[in-house]
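Shared between the two complexes below is chain A, which has chain B as its partner in the first and chain C in the second.
This part shows the complex of A and B:
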């Protein structure tokens, strides 16, 4: 092992709050060697981003350094003056932030911003800087570097801008790059590209990297070593493979077990961590994880375990590290829920046919041509009673618009939505209200989905009162549904802001099931929750469906979750369904190249099979979709035929449908019938 | 996110609100001073008959235009009436009129804005074009025209100002309603089968209320100034009724006896500045960005 490039010892950071200063990083130590990629994993509030920002002394206002040491090349950064720090930030350490859209000045050309560190630190004059920028753009695979350098940030897509930010971080050939959730704001296929790029750059330039993420699977794709953070401390640290295979801290074990694995039985219960991440204002005594830990003992309640290193280069902070069971076993064994893949003959509860919805944007110039966003362009899906239909796709594919059309929150241009045999596309007034009783929504952002000025009981009672249920019955149901979603009736009189994100999502679910609807439409219901909470919510859906038996539309960008939870899946691309069928089959043997690419782009813990299919480019604009097959510009199998003709969604006898001229696997029955 | 934060900030338990007010006063001492100024004025005005033995209307020709003294704190005017007494009684008219203007204006404006923001597109267009038309006139010009048409008088002055006052509330309310309408919890209310009118009145408007109330509180200062202006021009309260604007107008005729005009003018000045200071403080406090930067 070479001498460490970065060495952090006993780092302490405090955050000022209304009620005084609170520790958010509590004695953190780590080291990074030259050329190494270290991943830091943790949930929101674990202190991972604060740690990252503390290294180049970029703590936000309100947060302050409270002790410890940070040595870069043996030089103490916590005592460095502002001038020296600026030098280190520009030359020694490069930063990559989560949101590229807000990290560039919109009024300056991207090339000039990338060149700024070069010019500021006198590494180049204007001419050589330009050459260097073009060079580094080539290195991060930005096409046509000379032209792109002269463009403004708004002319870049999200993925391209993230590449430009990576270029800025690398332009002075730093020895260390700190990437704080660099792929979280990106779509999965673009995330796969960026991860690939970061890995390549690490090999090519030899720059060490600290990669921070909430997603263990993303980290496992790129890092050599990983540190798991909980409540401001590292609880486990070691080589990625070793930790994934044999975690020694109950928290890292739980994080791994909470992810739906590729080979797990569909619809099995996910193993969850009870409770919620602690509020750093009120840390539990002893080991901060003990209230959620199945192994907690009396000692854990009193004494905080130190991080103890062993001979294999691993370290763990747990009194019971030797007792942590391997992943896949343990107290919460996989109890399979009843499989709900219904017979194909079952009566469909929902049939969406040829749905079209275009949004007209205001013209850029008066009397200019009005542009249209093709949100939905002839979408057809069916959902059998009792089934769960997952709808997958990237940003802008129209999946949320589809949900809003089914919920009748958005009007449709043409096509039809049939619900329980009745056409609900154009109904209004009384008949629409009657249908509303049976279709209930769950939204993505639990912070926006609850009226901040209404008590929990009023929020849940709203649909019940709208349908004039007797007061006694309403009262009874509020308690009943709160209990079903794992909340206490004691919470009835409280206001939404008194609850965490996960609890709010439970309240949303309670409200949705209060009327005993036949169909629940959930639009990314877990996307904004912490990893350990996501699994809790998925399990809750599984339990509720078994108890009440509603059908469900489950929208997600994450095929891992859909494969785990849904019986059927529809993959959407740019306003069209490209593949539709039983989830297990579609995910195991995708036929449409886009489905294959999506599946391959999703980072997975146990994916060892070869090189992922990485799609070139980014989703085309829904303002001007390509001719023929919309996917052809990114497709690795596209031919001229794809540019000329639109491939129809062809259904086979097994209930699978694919819209592709060159499917990856020939459908078994050759006599394919066109979908109606 | 920021709107949601503001929404939550708007709904805090009373004990928290009291603590916030204390913190606000500590950060902006001007707010504390302003609160004291307003409090003093309100007490003086409300208890005018206690604090002054004089009759505000009864002429006393023997003591015409006396300079300020211990007996007549602010001196006397052309008819020998005690200026201090008249300022206190005048405050009753001015403050009541200003409150009435803000109440009527905000009520009408909120109603029109809410209908425009929530109703069909064509109604929105119609209401907003009317609003724009009213907004195109400076408030005082429009109020003068209306007051002139109705004839002078305290009540007519209030009607005239309120007629010019509502458009700003209509605009702000419409904006808030449009923004709130797009939030998920309103969508959830729609799918719950609730009647649209119920959604507007019980879900959207309560969330717009904190912002509108702050706006109204800040507006009182401006209303005082505008009503005094209207009276100064002879279109508000009619003499001999005491009213600050009217008193300034009367005092302007005897400029040598400076106290007759200056004392009511100072009353207007201190109250308006105090209300504006509090407005600035509240705006600061409502802005989540400013709150984090301490």
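This part shows the complex of A and C:
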């Protein structure tokens, strides 16, 4: 075995807080060999990004190196001065950051920024740099390199800008690339493109890579080895396949089990990790995972287990590594889930027909042209009483606008929304208030959704007071709903900032169900939560629906979750529904090429070997949608017909509807009945 | 960019009409009778004398007609005659305005040259002794009354140190250069008289510095705050990850991003310098528009007041336009939003 390219030993990083310095990385060791791709996985606060930033000494203010060693090519980086570090950064080590939109200087041309490492390290002059930038743009598949190099960051899409970021990291052919959550800010189909690109570049250039992510499935697509971090340390590391197939640390096992698997029974309970990721200010004694661990023993409470390597190149830090059960079995048995009562006969609780909503952008100038965002262009969906309808799609597809229209938070241009048989499209005043009682929202960001100055009991009581429930009843219900969402009624008097993201989302849910609504509209309710918390919230929804029996619209960009949780799904693309039907069937046998691409783009643990369908090109702009079928510019089956005519949403006898001239799997007679 | 400039210029028309309407309305709603103010109390007791003046100035017409007459005259460059100086207001303005423009311009240049580096460095070394010093000094600069500062400065630099000349725009023996712009420095350069340019700058130095203290404080603080916001941005980390060292990061990435809000404040400060230098002009004997406005106001010289107000408002509008154009020039996102 050759000498490692990068060797980290006993790395310690502290973060300054109001109450003094707290360790966030606590003795981390890892090695990266030339050409290797190492994944680092962990939840927020696990210290994975701090580790990545510490390598080129780019820790943010407040975080500081507190001990240990980082050797790059045998050279100790922790003792290197600013001049030496500047020589290494951008030449030996390239960085790719999470959010490409904020990682570029908005006032400089992209080409000039990509060329900076060349000029700073004296690898090219201005003229040769230009040619080199165009070369590297071609390598990362940025079309029309000369023109794109002259453009500014605001003229790039997120995906294209991330390619430019990758180009910047690679332009000096570094031996090591550190990518910190490089696809987290991107849409799934774009994420698939970027992962594919990173994998190809690793093979072509032989650059080693450290790939940081919160998503084990993303890591499994690209990495050779993976290190799982928890509370500032590596708890398990080894070859990706080995860890996915047979995790030896209870935490890695739980992370794998918490992901909705493709073959799992729909609506089965997800296995969760109890509790919350630890607060690095107050780590538990012994093994920091012990309060959440089903295997924890007395020893775990006292002694922190060391990371012990075995003969197969794996290492695990657990006293009970041999007792960790395989994934798919285990202490949390899959309980039977509520089957949806609907099936066919039930009267729909919600029927959205041909909904249109365009937003007119304010003119940039007086007398200027005003542009229109086609947020919703003829959307029809139905939801049967007791069902859950998942709405899937990428940024800009109109899924959030649809939610707001149904909640009557924004008006519609045309079309109708029928709720419990009543047309609520144009109602206002008293009758709208009456409807509001039965439709309640849950929003994505639990930090922004709760008034920071209101006590929990006031947040939950607000809708109850609005509908003038008796005080005694309000008081009783606050305790009841807090209990239902797994929070203690003792928390009533506290303020939102005293709770974690997952707990706040529970509070939002408590507020939403306090009125006992018939319909809950949840807009990306788990997207901003950690993986282990996501599973808890999904299980909570399942339990609550069994207990109270509300119908639900569940908006998500993640088809994995929708397939698991929802009975039906509507896939949206650029303001239109392209496919609609029972979730299990649609996900198992997608008919619309976009659904297929979306499913394929979602990284899954159990199809890491499969070659994903990668969509070419960029999502078109909702300001100027393409003619005919809006998906045609990215579609692998598009013909001239798709450009000329709009494919109608055609419903078949089995309750599935598809808007495509060339569906992937033609079912038994395609009934040419326009969707309602 | 050209379309934008053209459209912004078009937008000047309604703005200017609005300004004239307001100055007209405000001046006419002041209870002071301009006729009485002009001819004196004794003459004002004779109705026939008053009637002659009222007819002469069109005060008997209905207000809309008066306004239209006023507007038509404005377009011809006729601001009316000053009741106090008995000269055309336009001629008065042509005499006094360049002195103020020259003083304000030199003051804003001084402020920018001092404030930008101070603000940038204070932000870069936030919390350090330099930052503390800058914050203290700028607080004093913003809070010091300008008349007091002017008197102290004259006392020290003129009476004690004899470093600066006395009142006026030039030494008393010197004749102004042939008028082209009315700015002595520029006209002196045009005439090729460098001795005169030096003398004009010599006379400008102290009043300009005194006038600049307030805007130095303001612009430094805004620059510092804006820099602090930019210093936390992701793209600076990106620049460091490419191998850029701190001075390069600061100069090539941070400053240009911090400059936008600073430009707005510079524009506002310059507008203020143009309009609000009454005190400085009085103390330094500077024959500028501030002093002219003061005497016009105290004599109820409403054509002169309207003229000054209009000129100041137009200056503000032009400075604003320049600020907007500078924004578009610097920020491609603003250009994109406009096209």
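Annotations for the structure displayed:
Rule of thumb we're sticking to: the second predicted complex is superposed on the first by the 668 of 676 C-alpha atoms of A that agree within 3 Å, B and C clash if a C-alpha of one lies under 4 Å from a C-alpha of the other, contacts with A are read in each partner's own complex, and residues count from 1 in each chain.
Going forward, a contact is a pair of C-beta atoms (placed from the backbone, for glycine too) under 8 Å apart; a residue touches a chain by one contact, two chains touch by 3 or more.
Keep in mind that what you see is a predicted model, and the values were worked out from it rather than measured.
Chain B and chain C, once both complexes are superposed via chain A, fit side by side. In the superposed model, A:409 lies in contact with chain B only, and not with chain C. By the touch criterion defined above, A:107 reaches chain C but does not reach chain B. Legend: residue contacts after superposition of the two complexes on their common chain; A:117 is shown touching chain C, with no touch to chain B. Judged by the touch definition given at the top, the superposed model places A:155 against chain C, while chain B stays out of reach. The superposition-derived angle at chain A (between chain B and chain C) is 30°, Cα centres, a multiple of 10.
In the superposition on chain A, A:213 makes contact with neither chain B nor chain C.
Superposition on chain A places chain B within reach of chain C only down to 6 Å, the least C-alpha distance between them. Overlap of the chain B and chain C interfaces on chain A comprises no residues.
Interface residues of chain C, counted against chain A in their complex, comprise 4, 7, 10-11, 233-235, 237-246, 248, 253, 256-257, 330-333, 336-338. Interface residues of chain B facing chain A in the complex, by the touch rule stated above, are 1, 4, 7-8, 10-11, 183-185, 187-195, 198, 203, 206-207, 292-294.
Contact residues of chain A toward chain B in the complex are 16, 61-62, 404, 407-409, 433, 436-437, 439-441, 443-445, 447-454, 462-463, 465-467, 495, 497, 508, 511.
The part of chain A that touches chain C in the complex is made up of residues 56, 58, 60, 82-83, 86-91, 93-95, 97, 99, 102-108, 113, 116-117, 120-121, 152, 154-155, 165, 168-169, 364-368.
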